[in-house]
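Below are structures written as structure tokens.
The following pair of complexes shares a single chain, chain A, combined with chain B in the former and chain C in the latter.
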Partner chain A sequence: MTTESLQSSPSRRRRRLQQKDWAPYVFLAPMLFFLVVFFVLPIGFALYLTFTRWNPLSTPKWVGLRNYTYLLTSDPTFYLTLKNTFVFAFGTVLIGIPIALVIAFVFTLSRGKAFWRSIYWLPMVTNVVAIAFIWQIILDGTYGLLNQLLAFFGITGPQWLSDPKSAMIAVILVAIWTGLGQNMLLFSAGLEGIDESYYEAARIDGANTARIFWNITLPLLRPTLLFVSITSFIAGMGSFTLILVLTEGGPIQSTNVTALYMYQMAFQDLRMGRASAMAFILFIIIFIITLIQLRIFRRGGVEAY
Partner chain B sequence: MKLKNRSKAAIVLSILKYTVLGVGAIIMILPFFDMFIGALRTPAERLARPPIYWPKTPQWSNYQRVFTELPMLRWYLNSIVVTCAITFIQLLTSSMAGFALAKYDFKGKKLLFNSVLAAQMFPFFLFLIPLFFLMRFWPLAGGNNLFGLGGTGFLGTYTALIFPFMISWYGIFLMRQFMVSIPTELMEAARIDGASEFRIYTHIVLPLIKPALATLGIFIFIYHWNEFIWTMTITRTANDLQTLPVGIFLLRGAFQTAQTESLQQAALAVSVVPLIILFLALQRFYIRGLATSGIKG
Partner chain C sequence: MDRVVKKRIVKRYQVTWLGFVLAFCLSLGFAQDLTLAAHYTAEQAAALEPCIAAYAQETGVNVAYQQISYGDYLQTILTARIGGQAPDIYHIYSIWAPQLVDNGVLDAPPDNTLSWIKDSYISNTVDAVTINGQVWGIPTEVSNYMLVYNKQLLAEAGFDAPPSTWTELLDMAAAITKRNDQGNITTAGYAYGSSTATVVHPFFTMLYSAGINPFKDDFSGTNLTSPEAIAVLEQQIELFKQGITDRSIEVWDFPSGSIAMMFMASWFEADLRAAFVDNFDDVVGVAPIPMGDDWRSLQYAFFYGVDANSPNKEAAWDFLEWLNTAQSEGQTSCMGTMLMDLGALTANKADIAAAQDNLGDSFTAPYVAALERSITEPNVIQASEIEGILKTYIERAWAGELTAEEALTQADKEITTILKEFY
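Let's turn to the complex of A and B:
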């Protein structure tokens, strides 16, 4: 980039003015290239694929809306995975958010924050394969640590991941464990933003900690609560790598979510058209939820989002 | 006032508080602990019934065997090459684009900034299939002709692992937010002194946002060190290119027997520990980034 010119001073001044005008486009060039080649083009190609039947060894064959009608009318597994997707996303939010909130509440009141934070964040810097394998071993029905601990208290634990009845619960619990640190941090940032004077006023009125939490902290934390709940719900709808490593969607599809089913259909069954259609249906569902979220945010007082 | 508050209730509350935090912390640490202990067992202890938890003589050699019997060093090398390349490229592209969006007025600025925001709403699973074939059919790469046919494209090269991650929409957004607050007078003064726009970027803007670059850099590094699904899709059959998470994942068939589970746990430990150390060392940058990026949205 030869930007320093060797011209005489009057023309140099003019040149500088010009440079200021085109410089932003130069700075944006990599982004513009990426936007076209790695964003618009792939989405366009994927959309095209949804109308074709394509096994990558041949050329795509146009089939119109058949992929969509097949998925929506004659694939019970698709609906099963959709149900699992919602169960997974709802489960992680409904169980995970209250836990994160309570931990964040006591965390903000405690000493040694750096110490506690480091501990709660360990899963956030651990790769998903390690998390899944570590838990696979812990959740093993016979040799796993969890059932050994339960046996110590005289309880016979289930065959967590290999029993279709308990597998989804186990997967949700592992997902909550993984995301706890992040949610806790967001909540504690929100909690620290609450003005101290509210608490003082409540204490002068003689309120105890439980009452303060229920009547002051929770209402004032509503924007953060909404933000964290809905963003983690949306993230949960599209996440599948943890499940891929943990159970591969089994046993008997009991933990298979739509994004994972899409991945298997694309890279194991090599049905690129049908898999793309599934990706788009899931995306549209997530998109609609996102739009609803934006409305709730505006009403719930989350500004500038 | 303070002394009065130190009543019995306050003490009970304080105990309760640390009990909740402590129990939670144990649940967070226990799985890692289980991994380290498990890595030290012998196959016989693995299979014993009732199960033996504490290894009688810790098999430290399991950690050695991970390096001699598995291509662990190769995985490390691949992880380092790919992660460092992506981190460097993303820091460059994010700061450049963020700078343009924060500090210049030009046609289409609003539209571009809005597309940066909108692009973040597209989940990655939507791109898996098309990006795979974009890499496969990239023209004139890996024996492909002008129409992307005839060869293997970027599959089987580092490029396929790095190219699709050249840009981070989130990174651009974060950089833009940090740069908006840089005083425009600084840039004007430099312009009067005859500095080029590129020089303003390298000599004024970049030094000023060093802390933000550090934060974003750690984000990117941790995210891509742990990135799994794309790398797995691309390198499932390309052994030379597998990174740590992928390599360890593909062990599962061969390694998930009671005989070798300890080795698997040792391999996991070896893959997890460096990042934990890095994270603990650089924690303050990480926290600041999360705190500023999470809520402000």
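Let's turn to the complex of A and C:
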């Protein structure tokens, strides 16, 4: 065997290197294929649709920016649904997260924490349609369990789901109940990750539970808080299944959120172009708010990752 | 691996593949000739099964029944069309028709079928499947609205007959309504619903009774701002102002015995019979719309249509005419039999004549008699969107957020914008 045959020529080596360059892409090809087919192409098509008028019965007709103009300047329902979306999303985040955090903190101090966590996790493994039906029965104005209970204490409960003034509150409370288990579990995981020595040191220094929670737990939990608040907010902005079953956006549009309005516009009114434009506007809004959240939580949140 | 074992495995695969190929060839040889897509469940459409089998034996044409739920019907057929898998025959809610016609989805019936439809069906119902003067299919299930009342609740309040005017209805309903200690209505004098149909259909019914069509004849605008339309909405608002009903009261609660009166379509009969069982005749009464002697009702219909791109259009129309024609003297057609089983109405004159046992009872007979004075739901493009807008404004007026005039003026403005897009 000669030395020449053992060593590859420079051109052959370059070819081999080039072949190696391609190797990762070859392995990634199946995933990339699915990404293109099921993500990039639909998004590209949806973007194209925003500039068209299209019911799926005919070919799309180019209308330029008319869908965006209509939604932003003429449609009286769009801004109402946007307002409802913000109320719903901020409601679920601002009320739901503190409750989940407090419950998770209490469970870390209690016995049988696995049992309690399982109980609170149950709504997450229950079908959302079933949840909505159960709550419809509980929240019935005349015969519902909640108002019967209030009546026992001499309080007249509102028509939770049929009064425009109370319907959104009721929907937010049900959404919080539904998502409580997941957020509680995420906080529990975050709490378990905090080193016990911090607490010991604080207790030696004479700090009480509230002080420990405020000065140790909360600052060290910022990465989890960031994650939970962003995911809850995004979920809240895009949520509509629960509302669809619970109130169908009523009464009088008081619980109609943008995602539900988008669904109605696309599949009931067959206005695919306008619904796509609405989806992109909603995406931009969620994107901007997420950036703001990232900015706010940067220290101790993003940087901690 | 042992060579014999390998051979066996290869042989087994060959046999399996041969089976698949054979099955495929057989399925081609006995391919279904027609596909019929309707929203009825297999149980509801059971009466069609022997008919389809008989038709296959008689003509050699096989028909496959495809069930699509009502809520997903339009989306499903749209998707099927995009994918090139559209059924040959559709069963369509009449208000979807203008959009389907506008986009060339439906085939116009051949001349012989057309004249058969015009001869065989009540003309008001043929209007439901007519767009711009062209009939687009064969009407099937028809629904119209009447005043359904609880005889016992009326009797307990001292009334032995239903109201015949709106003023009488208000007085009677007010006398019947009861509230609990918390102020919630426990027995409602009257009920609406929260769906588009249970809000808009009663409104249209009252508009027709007041002699007003919701839209201008050429669909260039609405008549919602007319004094008559405003007066109708004010009459409805009065029910809420007087505390006779509220948004928590739904027509669907009627079977619980807590509602005295409502405008309801005939198809609700099965639910009412299931609820009141033996007491049905003692409790449930049906009366004309209480809007004086010139009362009218609203009717809507489903109909069979054929896909314009179907390669079997002629066979589809032949089958549909056969399906809706009685096969023996004095009997109902296959479709008529199915509708009778469901407790639904038909506008097929021969079926009505042949099914007097089913249609002649105290609940159904008034609905059938009212078909002649029932005006069809407007066949306007984007009907679902338009009715959704109208519903919102009617509800806002009921809630006292807007006056009747304000609500209908705003509804008119939004609806006219949509009409201008298409007409």
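In the analysis below, the second predicted complex is superposed on the first by the 262 of 305 C-alpha atoms of A that agree within 3 Å, B and C clash if a C-alpha of one lies under 4 Å from a C-alpha of the other, contacts with A are read in each partner's own complex, and residues count from 1 in each chain.
FYI, a contact is a pair of C-beta atoms (placed from the backbone, for glycine too) under 8 Å apart; a residue touches a chain by one contact, two chains touch by 3 or more.
Since the structure is predicted, the reported quantities are computational estimates derived from the model, not experimental observations.
Chemist: When the two structures are laid over each other on chain A, do chain B and chain C clash or fit?
Modeler: With chain A as the common anchor, chain B and chain C collide in the superposed model.
Chemist: Under the stated touch criterion, which partner chain does A:156 make contact with: chain B (first), chain C (second), both, or neither?
Modeler: second
Chemist: Looking at A:282 after the superposition, I want to know if it touches chain B, chain C, both of them or none. Which is it: first, second, both, neither?
Modeler: Once the two structures are laid over each other on A, A:282 reaches chain B alone.
Chemist: Once chain A of both complexes is superposed, is A:97 in touch with chain B (first), chain C (second), both, or neither?
Modeler: Neither chain B nor chain C is touched by A:97.
Chemist: According to the stated criteria, A:139 is in contact with first (chain B), second (chain C), both, or neither; which is it?
Modeler: In the superposition, A:139 contacts neither chain B nor chain C.
Chemist: Please work out whether A:250 is in contact with chain B alone, chain C alone, both, or neither, and reply first, second, both or neither.
Modeler: After superposing on A, A:250 lies in contact with chain C but is clear of chain B.
Chemist: Between chain B (first) and chain C (second), which, if any, makes contact with A:55: first, second, both or neither?
Modeler: Only chain C; A:55 stays clear of chain B.
Chemist: In the superposed arrangement, which partner chain does A:190 touch: chain B (first), chain C (second), both, or neither?
Modeler: In the superposed model, A:190 contacts chain B only, not chain C.
Chemist: For A:175, decide between first (touching chain B), second (touching chain C), both and neither.
Modeler: In the superposition, A:175 touches no partner, neither chain B nor chain C.
Chemist: Does the superposition put A:263 against chain B (first), chain C (second), both, or neither?
Modeler: first
Chemist: See if chain A has more residues touched by chain B or by chain C, and give me that chain.
Modeler: Of chain B and chain C, B contacts more residues of chain A.
Chemist: On chain A, which stretch or stretches are contacted by chain B in one complex as well as by chain C in the other?
Modeler: Chain A residues touching both partners: 56, 142, 267.
Chemist: In their shared complex, at which residues does chain A touch chain C?
Modeler: Residue positions touching the partner: 55-58, 74, 76-77, 140-142, 147, 151, 156-157, 159, 162-164, 248, 250-253, 264, 267-271.
Chemist: Where on chain A is chain B touching in the complex?
Modeler: The touching residues are 1, 3-4, 12, 16, 19-21, 23-28, 30-31, 34-35, 37-39, 41-43, 45-46, 49, 56, 102-103, 106-107, 109-110, 114, 116-131, 133-138, 142-143, 145, 148, 177, 180-182, 185-186, 189-190, 208-209, 224, 227, 238, 240-241, 244-245, 259, 262-263, 266-267, 272, 275-276, 279-280, 282-283, 286-287, 290, 302, 304-305.
Chemist: Along chain B, where are the residues that touch chain A in the complex?
Modeler: So the residues of chain B touching chain A come out as 9, 13, 17-18, 20-21, 24-25, 27-32, 34-35, 38, 46, 49, 51, 53, 92-93, 96-97, 99-101, 104, 106, 109, 112, 115-116, 119, 121-131, 133-134, 136, 163-164, 166-167, 172, 191, 194, 196-199, 201, 222, 225-226, 228-229, 233, 244-246, 248-249, 252, 256, 258, 261, 264-265, 268, 271-272, 275-276, 278-280, 283, 287, 290-291, 294-297.
Chemist: Which chain C residues qualify as touching chain A in the complex?
Modeler: 74-75, 78-79, 81-82, 99-100, 103-105, 180-186, 194-195, 246-248, 382, 384-385, 388, 392, 395-396, 399, 401, 414, 417
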